[in-house]
Amino acid sequence: MTVFSGVIFTIGLGVLLIAVMKSLILEQVLTGGIGSIILEQAPTEVGSANIVSSVLLAYRGLDTLGELTVLFVAATAIGLVLGQRSPDTKHDSEAGFILRSAADLLFPFMIMLGAYIILHGHITPGGGFQGGAILAAAFFIPILASPASPLNHKVSSLIEGLAGTAFILIGLFALVGKGYFLAPLFGTGDIGALFSAGSLPLLYLAVGLKVGSELAGLLARLQEV
Amino acid sequence: MNAIWLVVLPLLGAFLLPLVYRENIKLRIGIGPFVLGLNLIIAVMIWFDVAANGAHTIVMGGFPAPLGIIFYVDQLALLFVIMVILGTLILWLGKEKDYIGYIQEETLLLLIVGGSCGLVLSGDLFNIYVFYEIVAVSSYGLAASRGSYAASVRFLILGAFGSSLLLLGIALIYAVTGTLNLAHLAVLAPQSLQGIVGVTAFVFIIIGLGVKAELFPVNTWVPEVYTTAPARISALLGGIVSKLALLVILRLLITLYESSAAHLLLLTLGVLGVITGELAAMRATHLRQMLAYSSIGQLGLVAIAFSIPGPAGIIAGTALALHHAIVKPALFMLTKAWGKQLSDLAGASKVSLLSSLLFLVFALSLIGIPPLPGFWAKFLLLKGALETNIAAYQMAIAVVLIATVIETTYFMRIVRLMFQEELKKTSTLKAPALQELMPACVFLAILLISVFAIKPMGTHLNTLAISAADKSVYIDQTFDKTLFP
Amino acid sequence: MLFGIALISIIIMLGSAFAVLFFENYLASVVALSVMSLALSVLFVVLQAPDVALTEAAVGAGVSSVILALTLRRIGLWQDKS
Amino acid sequence: MTETIGIQLVSYSGAMGLILLGIFALVNYEHLIRVIFGLILLEAGVNLFLITLAYRADAVAPIMIEGQTAAMVDPIPHALVLTAIVIGVAVQALALALVIKTYQKYGTLNTRILAQRIAEESGTRMIEGIPTEVKKV
């Protein structure tokens, strides 16, 4: 019975969505959305070659702060739910020699790749979130290889808190200096150069560190329950 | 003062709280209340500023309205901001002794306040989604804080489903208008949002926001979470946070969806919520469960009020919401010691006369006995509904009156149990501890003060609602029509 | 050319989405989910969204699948039939 | 030109397929892990829908390269989706942590049975009629 009503509900929703898509594709009313204005103005106002980055950190910087906060909320709630790690938890057995040395070898390269992606976020595709995820993976693979040496949660939560604070402080600095929260600072520079787009790389660094430490802590927490 | 501080300060506090706690254990008593107190002072300062100079907008990053994110700061939003901060501050008094996870719980409380302030103030659809997620995720965490994992995970599934639909609705609106700013959308809405896409988007958004607002089809989580979560958390979620989603729906109704169909949809959901909530509360056997269902009914009343077009609806809805935000948390705090079967409550007045009397006063106000404020709130609702001259609202009046009768029945049944029955020999009733009574007493003080301040509050609400109901004020304040025709 | 790539990745994506729901084994479902995320990120590249494609590959196919697999191992549904 | 319309049509239908599959799973399945799979599919569908909205014929990715003059696609939905993906993963991780704890406590992940266990535990009687989540087993 419930299966039947579920199928009916889904089919009804499907018909509705088809009608919606049909009118979307046929009418395509959208011409002068804010997207086109941003495409024109972003290079001069923010100076980042990657316009998605300028939208993410300048035009919609508050969204990014909110997103970091959601990650932080989730990490805090997971800490609350899973509780303290009991000291006598059984570890999984150590992985073999090959996996452990591969993990050790991989570690510096993944850190470098993550840092590169974070720091070039304003000129090429990529940025804080993607680089942060790679940093998290870099710290998580050694844990998988040798589960007895856990992630240092103190350090990761310290980075977490300080990176979030740094993001807010950059925003407040702009509030004091320019009168607007999260306004771009330090001019625009040459578009496409590594040192360009003002405070964007700094913000991306904070985002990357926060996302990286948050995800690494999360993965380690779920692994060691 | 810049209204961004209202959001940033709790977030900053929450980011630093775990670090400070680890370094210096003695600081832990003060930090949360200190941050919230500071926030309250800022909110009151902005309130006086807005009262003197009218509503204004805060531009993020120096990018004017439709491009960047803006906060729209008016008295209506500030009223709810002050309600959230003050309510959390009072409920902080009900803190228990330290237990595992209290650091995380306090962090989540700060985060939920920051998210709520942003949710109320924000004037950008996607930004509303982000802040809504902050509030929602922290409530999943808080609901699970004392071992009620199953209720919390069921809440999370429903909530995440709602958030996805909300995002889909926002995407549809962006598809037909190309903008996310509420004021810009309000300008474009008469041409763009009347078609099938706009209406579908509204339905998705109302289902999504309805999860937190305890609207009719998506409120199955309410009784489960409120019976299993700690009393303080149930008080916060049920009494205070749930109204914010309704306020967002009201903003959308004012700016984007002025058509009567949208108002009637909210009215229908509200009426169904009132009927189902009150009938279920009547049959509940557990005190906490009864309060949970009654809060579904009360939020249904707020939804009915907000669905009345024009200032009258805003006045009634705001009055009902504020009244409920005073009464329901207090009732939830009182159930802490009594959160058992209803039949166990027999003779509770012999155990603790003070808390029984408190229960009586709050129950009377919730039912709407003059001269308590609850009467005026319901009176405003009936007056507003009568003045519309639309048949659907006249039917809603009948529903509200019947619901009041049902409410009286079940609350008076409990009061009779408390005051008339003899104490059972096997009774395990305990007198509530001081930290449970203290928040309730503070809420009582606010209730009694508002009894004597009905008149000035009425005039304040009136001016506030008239400016809030005017879409053109919102548009003029937010963005320059000459730039974006 | 681009249309071909888009069509193929859509077919893979929807196929593995079906597989996620109808595989008996939970671990197989997680693998299918990972495949779906990868096909989705290819599609994002076709749709001119390289940033999103990178994120989807790193977060959707990577982190999310690892979290799911860890959970399955914790609760012992590693090999169970549903 | 026809090719770009084709791409748009195909990816719209892909997004719709994902959304419907996700909702089907959410409505039909009782096992929490399957329900979470449904949530992930739903989120992926909404993200694909947003990206498809941004896509325009003959437009390139919104990254400025020297000497390139072609029109670019709308960057705003891209930023929104980046945010939404990370939020989705955060919610999913919290859901899975709760699932672990629920399983350790109750030994089952069936939502109906869980609802009943909650009711038994808190000493409430399930109220039939209004939230019709639970039937008598």
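Note that the chains take the letters A, B, C and D in the order they are written out, and that residue 1 is the start of every chain.
As a convention for this text, contacts are C-beta pairs under 8 Å (C-beta built on N, C-alpha and C of every residue); 3 or more make two chains touch, one makes a residue touch a chain.
This structure is a prediction, so every number in the text was calculated from the model and none was measured.
Chains that count as touching both subunit B and subunit D, per the definition above, are A. Chain pairs A-B and A-C differ in how many C-beta pairs are in contact, and the one with more is A-B. Each chain gets a centre from the mean of its Cα atoms; for subunit A and subunit B, those two points are 30 Å apart. Chain centres here are Cα means. That of subunit A falls 18 Å from that of subunit D.
Inter-chain centre distance (subunit C to subunit D, centres taken as mean C-alpha positions): 13 Å. Shared contact sites, meaning residues of subunit A that touch two or more other chains, fall at 24, 33-35, 38, 50, 52, 59-60, 63, 66-67, 70, 73-74, 77, 81, 125, 129, 215, 218, 222, 225.
Shown for subunit D are the residues in touch with two or more other chains, namely 13, 19, 24, 36, 54, 61-63, 76-78, 80, 82-83, 85-87, 89-91, 93-94, 96, 98-101. Under the contact definition stated at the top, the residues of subunit B that touch 2 or more other chains are 126, 130, 133, 137, 140-141, 144, 149, 174-175, 180.
Here the touching chains pair up as A-B, A-C, A-D, B-D, C-D. Chain contact summary for the complex, subunit C toward subunit A: residues 50-51, 53-55, 58-59, 62-63, 66-67, 70-71, 74.
Across the complex, subunit B is touched by residues 19, 22, 26, 32, 35-36, 39, 42-43, 46, 49-50, 53, 76-77, 80, 83-84, 87, 90-91, 94-95, 98-99, 101-102, 105-106, 111, 114-115, 117-119, 121-125, 127, 129-131, 133 of subunit D. Partner subunit D is touched in their complex by these residues of subunit A: 2-3, 6-7, 9-10, 13-14, 17-18, 21, 24-25, 33-36, 38-39, 42-43, 49-52, 54-56, 59-60, 63-64, 66-67, 70-71, 73-75, 77-78, 81-82, 124-125, 129, 191-192, 211, 215, 218, 221-222, 225.
Interface of subunit D with subunit A (complex): residues 5, 8-9, 12-13, 16, 19-20, 23-24, 27-28, 54, 61-66, 72, 74-80, 82-83, 85-87, 89-91, 93-94, 96-98, 100-101. Interface residues of subunit D facing subunit C in the complex, by the touch rule stated above, are 3, 6-7, 10-11, 13-14, 17-18, 21, 24-25, 29, 31, 33-34, 36-38, 40-41, 44, 47-48, 51-52, 54-55, 59-63, 73, 78, 81-82, 85-86, 89, 92-93, 96, 99-100, 103-104, 109.
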